[in-house]
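Reviewing the structure listed below.
Going in written order, the chains are labelled A, B and C, and every chain counts its residues from 1.
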Amino acid sequence: MIEINHVNKWYGPSFQALKDCTTSVAKGEVVVVCGPSGSGKSTLIKCVNALEPIQGGDITLDGVKVNDPRTDLPKLRSRVGMVFQHFELFPHLRIVENLCLAQEKVLGRRHDDAVAKGMKLLDRVGLKDHAKKFPAELSGGQQQRVAIARALAMDPIAMLFDEPTSALDPEMISEVLDVMVDLAREGMTMMVVTHEMGFANKVADRVIFMDRGEIVEDAKKTDFFGQPRSDRAQKFLSKILQH
Amino acid sequence: MIGNFDFDVIRRALPYLFFEGMRFTLTLTALAAFGGLVFGTLIALMRLSGYRLLGRVAGIYVDFMRSLPLVLVIFWFYFLVPYIGQWLTGASRPITVGAFASSLITFIMFEAAYFSEIMRAGIQSISRGQPAAANALGLTYSQTMRYVVLPQAFRNMLPVLLTQTIVLFQDTSLVYVLSITDFLGAASKVAQRDGRLVEMYLFAAVVYFVICSAASFLVRRLQARIAIVR
Amino acid sequence: MGTGTYLDLLLSGLVVTLKTSLLAWIIALISGCVIGVMRTLPSRTASWIGFGYVEFFRNMPLLVQLFLWFFVLPELLPKSAGLWLKQLPNAPFWTAAIGIGFFMSARVAVQLQAGISSLPRGQKQAATALGLTTMQTYRYVLLPMAFRIILPPLTSEFLNTIKNTAVAITIGLVELTGEARSMQEFSFQVFEAFTAATVLYLIVNFIVATAMRFLERYVAIPGYIAGK
């Protein structure tokens, strides 16, 4: 589904954020990406739907080359859902309008259909009663669940998550993770940047460990947690599992 | 049209334009900026002093000035200053005031309102801990202001104050309505005398543009440096 | 002449002031919006054009700009077009509205640019990730928020526009200040005329400021605190 081949990326002329990264995510697979701060996790995931351009290598999404100038990027992006660390709901739109905007403007759905779809997904994340509220009237965990519903409303073929729980208070983390676990069990293709190793343990098929722009380790979940091969991954794991 | 653009008109007028016109403009700008800053700071201190009445008076003055077009204020002062002078000096008739004095008073009073708002924002941007720390060291209110708060506020506000001074420099061209020979007034007089409006007004525009662009470039540089130090 | 006629003259001056500033404000909003957006686009060319535009209109006194539009532009155009411009009925009005409009547009652009840049970067990314085009992203996501944020400074820019119309008395526009001034010449009732004009300006200021506060409240977003 997602093929990443020898990708190189620079910010500005001198800073290389991704160094020869190669990996892939098969259909229905859940891949967790972890690594220290500044290692390039967000950058990697943003390259997948071309939010960031790449300077070398190839990324293919469901057979479509992302870094091809002829690719219709808005159309491609509309088929990949993305969830951000800071939710990024549109504050001036009601919850249901947040879910409808792209359905109508990008997919061209009729308003009624978009609302129906939106309500169905809100129900699924347990927030049907909040449809008429504005984002700022919801808690962080609720906002993030809305953001997931907003992405799902586009009927994505894959979902990208960039630290979806790291801006949340501890008691709200599980309500978001629950939604994600359900999604994974239903067979959604997912690429998830997170430090929630419990989540990784539960549903991930593979774990990717990044450091300083490189993919240091790319292993089956059991192998990764069993015996990570690199020192850096071991150190990182012991640090975040300490608590 | 461009074909018969007469550069010589400009060349011949240069001494008049700069030694009379620009000198007036720059002197007025500098003195008005200085006076405006002094009065502006006083007004800002009045507003922040905590004395209700003092603060109200200063606030009304600022709001009043900022509600009126500068052109109207120029007319007001041009008309009023002789009477105020009479009242102040106790003379029997309205005193005669030169165009320069009249416009200088106008610009000081007008700019003070704008400068005071900048200074007020600057003073308020200093964290409350600073005056508290100064008080704790035993400094009086005026010492605290003079040695601790104002220097910091002034530094933070310097780019904004300079930008406002560039605006002031541009606004001095409005003394045109009193037929005063500032830079634009001089250009306009030559333009009308020689029937060369295109040349003179274009030249004036270029001169203003060059000066203001250079000045705002320097202010941006300064701003970047202050931002780093902070 | 009775006081009634004086007041009539001042009121007709006020109407000219309001008409001119409204037209100027429309021009300022439209072109300021385009330029402000251009300055936030990733394209180097677009942001340079935006920068040049703002510098051009900010670094010359308004009075000089009005002279350029009024005296210089007709001479630089082909003869017939220049003649047509000069003979336009109401030329001071159109010149003032256009000149002040472009002058203010640079200020609107700066405010809007600041407003857009103050939005979290993730907003643009989220909209893009949903498949919205750049146009749609601005239209539905960035601009609605940016305009809400800059509503207070825009209010004072609108008030500045009204005040700036007084500069147009130099090209013969007889607006409020101009009417007061001309009364001085033939009636000697300077004090009354200026006082009346001053009061009218204060009233206009008050009405605009109050109306904008209502607008601010009307478009406010429940639960949203600016800067959060």
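We adopt the following convention: a residue touches a chain if its C-beta (ideal position, glycine included) is under 8 Å from a C-beta of that chain, and two chains touch if they have at least 3 such contacts.
A quick note: this is a predicted structure, and the numbers were derived from the prediction, not measured.
S.K.: Would you mind checking the shortest number of contact hops between chain A and chain B?
M.R.: Graph distance in the chain contact network comes out at 2.
S.K.: Taking each chain's centre as the mean of its Cα atoms, which chain lies farthest from chain B?
M.R.: A
S.K.: Between chain A and chain B, what's the gap in Å when you average each chain's C-alpha atoms?
M.R.: That gives a centre separation of 54 Å.
S.K.: Once you find the CA centre of chain B and the CA centre of chain C, what distance in Å lies between them?
M.R.: Centres of chain B and chain C (C-alpha means) sit 22 Å apart.
S.K.: Taking each chain's centre as the mean of its CA atoms, how far is chain A from chain C in angstrom?
M.R.: The mean C-alpha positions of chain A and chain C differ by 44 Å.
S.K.: What does chain C use to touch chain B in their complex?
M.R.: Chain C reaches chain B through residues 55-56, 58-65, 67-68, 71-72, 75-76, 159, 163-167, 169-170, 177, 180-181, 184, 190-191, 194, 197-198, 201-202, 205.
S.K.: Sort out for me which residues of chain B touch chain C in the complex.
M.R.: Result: residues 1-2, 64, 67-72, 75-76, 79, 170-171, 173-174, 176-177, 184, 188, 197-198, 201-202, 204-205, 208-209, 212-213, 216 of chain B touch chain C.
S.K.: Tell me, which parts of chain A touch chain C in their complex?
M.R.: Those in contact with chain C are residues 46, 49, 51, 74-80, 82, 84-86, 88-92, 101-102, 105-107, 133-137, 147, 150-151, 154.
S.K.: Once bound in the complex, which stretches of chain C touch chain A?
M.R.: 120, 122-123, 125-133, 136, 140-141, 144-145, 148, 221-225, 228
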